[in-house]
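What follows is subunit A paired twice: with subunit B in the first complex and subunit C in the second.
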Partner chain A sequence: MRGILSDRMGAALLMAPLLLFLVLAYAWPFLGVVKWSVTLPTPGLGQYGALATDPLVQSVFIRTLRIALIVTLVSVAAAYAITVVWVRGSPVQRVVAEFCILVPFWISVLTRAFGWVALLSNRGLINTWLQSIGFITEPLALVRNEFGVIVGMTHFLIPFAVFPLASAMRSLDDRVLLAARGLGSSRMRTFWSVFVPMTRSGIIGSALIVFVFSLGFFVTPAILGGGRSVMIAELIYLRIFQSPDWGLGAAISVVLVLFVGALMALLFRYVRPKQLV
Partner chain B sequence: MPTYRPGPVSLILAVLVALFLLLPLLAVIPVSLTPSRMLAMPTGELSLRHYRALIEDPRWIDAILLSIRIGIVSSAISTVLALCFSLGVWMFQPRFTAALVGFVLLPMVVPPVVSAITLYFLLTSISGFSSFFGYDTWLGVAMAHSVMTVPFATVLILVSLSQLDRRIDLAARGLGASVWERATRIIMPNIKFGIVTAALLSFVLSWEEIGVTLFITSVNAITLPRLMWMGLRDNIDPAIAALSVILIIITVLVLAVRSVVARQRGGH
Partner chain C sequence: MQQPGRAAEIKAIGIGKSFGSFRALDNLTLDIGRGEFLTLLGPSGSGKTTFLMILAGFVKPSDGRLFSDGVDITERPAEQRAAGMVFQGYALFPHMSVEANIAFPLKVRKKSAAEIKRRVGEMIERVGLKGHETKLPAQLSGGQQQRVALARALVFEPGVLLLDEPFSALDKSLRGQMQAEMKRLHQETGTTFVFVTHDQSEALALSSRVAIFNHGKLLQVGAPDEVYDRPANRFVAEFLGEINMLPLKGVRSADNGAVGLCEDRAVSLRGNADAVSGNAILAIRPEHMSIAREATVGENGIAATAIASTYLGAATRLDLTTRQGARVTVSVPNEVAAAALSKGNSVWLTWPAEKGFLLPDGG
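Then we have the complex of A and B:
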């Protein structure tokens, strides 16, 4: 009896500091944000009503969904191509692929966004080069628009898309592929009708991770969109700091959390957590 | 060892993706060497003036020192909290473990902008009582960074605990070791690699944190990413290119050393 009691005490003593910290510094202030959404500027659900009718907010929501969808498709496809080589290539190919995945992964989002500014802006590498060979006379608008945002976000998210794909490809049984080849299936056909279907769980996991991440993206769209291609996260920032309308900013945050929560629930329903790691 | 190798089409596609991934990192190198005061490609002569600006301009030095201080404090807080919590989970396996771990991981899965507005609410509320701890103070930023990094530290420590053999702990327990002795003399020495990794990752995440920092600082607590952000939004300052080159070189070196060390460990 005494043993059980002290076990409980021990567990409570060890786990309490972090739980208390997060309740006070995260859960409680989040409830405060929810309170803002229903009390500012006037009590009631007015801000949520405004969300549903405000054409600006709606256009930002639609743009965010559109960008997130495109970024998800491109990132997962690109990640698939490099993951195949990372997991199944020769030893040298693997080292090179790993380097190309991990170096960008560890470099900060600001440096990477800045790299794209250096490449895509009017006086950047690509426009300077195209003008010097006389291919164009006026610089192309590659940044401060939706194109720049999509390129930057895809670049940021490819490494995140790689990890679930890699674990799916690693657990795949080689003998199935060899059997398909042995039975006379071409490389292409083996890839499309055996390899890809067998990594389905990785594809779903990686697509959901990228999609969820892109919904709340802030830094890359703010820099590469240049204020012209505003996504949800930047809208929240603008509502809090530029046109102080804390109620609306808070209401958008609450909707975003609910939406992401629903997506995560879907993820855990269709993909067992083990298949993701 | 997989025997099914990627074919030529796969290789070509992978090379294209690899180029896409590396291109923006390479593009900052020529920009950092431009003699111009604005963002431009160098035409003809090269200059190191933007590297010199990093050393001579006190704003950059101050920001770097502040980021290091915040990184160390927040990494210490999040590593200690994550370690205690994970030890509790592993040693006692209490009921509702899954729910409690899920709660701890929330700041990792909630969209960063929502965490940012949440922490903004927290720190502006604290500012009402205290002037040195709250909105736009370095202690406030360190605490906010701990909230954001503690899920990552917890995951890393839980993973290294899951690879530990429970029988060592059972033996210590059977021989009469107290909870404190089991934790400090039996378990922690066996997961020290995981603890160090958790502390390092927390530091790196705090060092480059910008999404939350933007919401909770204005003029006093200017961390390095915050200063870079200011230089990126207004008139693009090529000193950022010089700084980026340095950060990229450090990253590449650290990864190279790590992979050499990992290879030697695997070789034994």
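Then we have the complex of A and C:
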């Protein structure tokens, strides 16, 4: 290859099969979806107009954003704590943290969702236990509502939030933390005014990944929301498979993809590793 | 650990540090005087940086006690010692402006906003960073970052300023400039400075005293001229600069010094001969030797042959061998070197009695 093709060309050629696959498997069908959105049931932008006015669609959009936002905040905060232990803890703590981060990846999302149902339902472990110690008399509504969805999604997404944080924390220069302490700053103060700001790029990256993931969640909200806490992906499913309204389903898909695309563009702008650290 | 604005006096007694089976520092006892500029000099792995980290409180010694102004601070954590510290690579806060970096130690001390503003302003003026207040460290040159690091470490008027190879990343001309600046800051603040370097010329140029380390041991402490002219052992002699070593036999004390036989010629020395008798090494710095046409009675000298010369601009470095095969280097005026090489290469090496010193044989 050398001398005939530049390194860049060589790399492009190596990636070509993957790109071709992505185009055939995602981009091409997506163009079909775009086409439905402007042709079904009649040609025109009518479905997009409906999107803007349909109160059901709007309430689902708002609920999805709200859930995604809460899940993002909770997941990133929890992941931050776990990552600090994983990256900066003692050897034993590191192993334990790594185990906690990796184990969830071995269990399917479906299994985990049903696991949460078993824990959170009216006759689930938590309610039974709380009743048996006399803390509550009526079971708490922990599942088949937004709370259940948020718990399940947060649990699923924490491990994904860990990795961008870990890479930011690993690239941090320890001497800067020593410097802060040497200048008289307590450990607490050093953490909040030096460590956290210096891992900003990781926090942004982690939050964007979790947020984008949350927007398209299907299985977890479908099971833990029990049909009452419908999110966008489930709405699209309903429009395509149950109340055949392919045009509206397609239009919602297109808006979702564009929104996620914009967020991804933001992600790549912020999480170029060298740029911020 | 100190009253603000007052230089600290530090006493290290029997300090040792082991990392596993590696002895990084062994039984170090050292007094650092109030307002002194002490340099810790040694090759990498010699223990100098470990000692600095122990002074800062980042590393806990395995043995020994550390006192500051008579108070035992061995167990005191770094943030309560609050020695000013300048790190290798500066360790500035990358997300804070120049101003915020310098204000940091005052903020953690909960000074009033007005006081912080005033003192940061003064410090920025003092280190010549006016006009750069709102820039981030990444937007500054190496020399400017260095100034921010110095300002940040000095703004809270620490009793002692610790510097860990602060100039290693700077180019040569900038280095000279920053050295001069640091000397000025030392005089202006009157604070005790403890400076780590592996560069002997830097150590000699800056310090009031130099402490030389090797293999975790403190070998010698003294004023720059003291350690340069009267090194305690061969390592110190060689580490501080080029040195010629000639075997000396039959050493014995004489009037204010010693006499011995160097390549079968009687030579005399002044000073440090009391500890040595019998065989020893005679050490002389290259710049203290000169070339003569022939021997003069009563003057130290041996015969040698010039074998090579290196032109250094201001002087020429001449490599010679003695009759018994010892290698000698001298630094001589350019024309002397040319003459020595031209006339059959055979010359006479001389040196003043007070410039030679004895090192134990084999040590």
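Following the convention adopted for this analysis, the second predicted complex is superposed on the first by the 247 of 277 C-alpha atoms of A that agree within 3 Å, B and C clash if a C-alpha of one lies under 4 Å from a C-alpha of the other, contacts with A are read in each partner's own complex, and residues count from 1 in each chain.
Keep this in mind: a contact is a pair of C-beta atoms (placed from the backbone, for glycine too) under 8 Å apart; a residue touches a chain by one contact, two chains touch by 3 or more.
Computed from a predicted model, the values in this text were never measured in an experiment.
When the shared chain is aligned, subunit C comes close enough to touch A:A179, but subunit B does not.
In the superposed model, A:R189 makes contact with subunit C only, not with subunit B. More subunit A residues lie in contact with B than with the other chain of the pair subunit B and subunit C.
In the superposed model, A:A11 lies in contact with subunit B only, and not with subunit C. In the superposition on chain A, no contact is made by A:P43 with either subunit B or subunit C. Using the contact criterion defined above for the overlaid structures, shared-chain residue A:R200 touches subunit C, although it does not reach subunit B. By the touch criterion stated above, A:P244 is placed in contact with neither subunit B nor subunit C. Looking at subunit A, you'll find residues 178, 181, 187 touch subunit B in one structure and subunit C in the other. Within the complex, the subunit A residues that touch subunit B are 6-8, 10-15, 17-19, 21-22, 25-30, 32-33, 36, 78-79, 81-82, 84-85, 87-90, 93, 95-104, 106-119, 121, 123-125, 128, 155, 158-159, 174, 177-178, 181, 187-188, 191, 212, 215-216, 218-219, 222-223, 232-233, 236-237, 240-241, 249-250, 253, 256-257, 260, 264. Residues 2-7, 9-11, 13-14, 16-18, 20-25, 27-28, 30-31, 38-41, 81-82, 84-85, 87-89, 91-92, 94, 100, 103-104, 106-107, 109-122, 125, 143-144, 146-147, 150, 154, 179, 183, 204, 207-208, 210-211, 214-215, 225, 228-229, 232-233, 236, 240-241, 244, 247-248, 251-252, 254-255, 259 of subunit B are the ones touching subunit A in the complex.
Listing the residues of subunit A that touch subunit C in their complex gives 173, 175-176, 178-187, 189, 193-194, 197-198, 200, 277.
If you check the complex, the residues on subunit C that touch subunit A are 56-58, 77-80, 82-85, 87-89, 91-96, 104-105, 108-109, 152-153, 156, 162.
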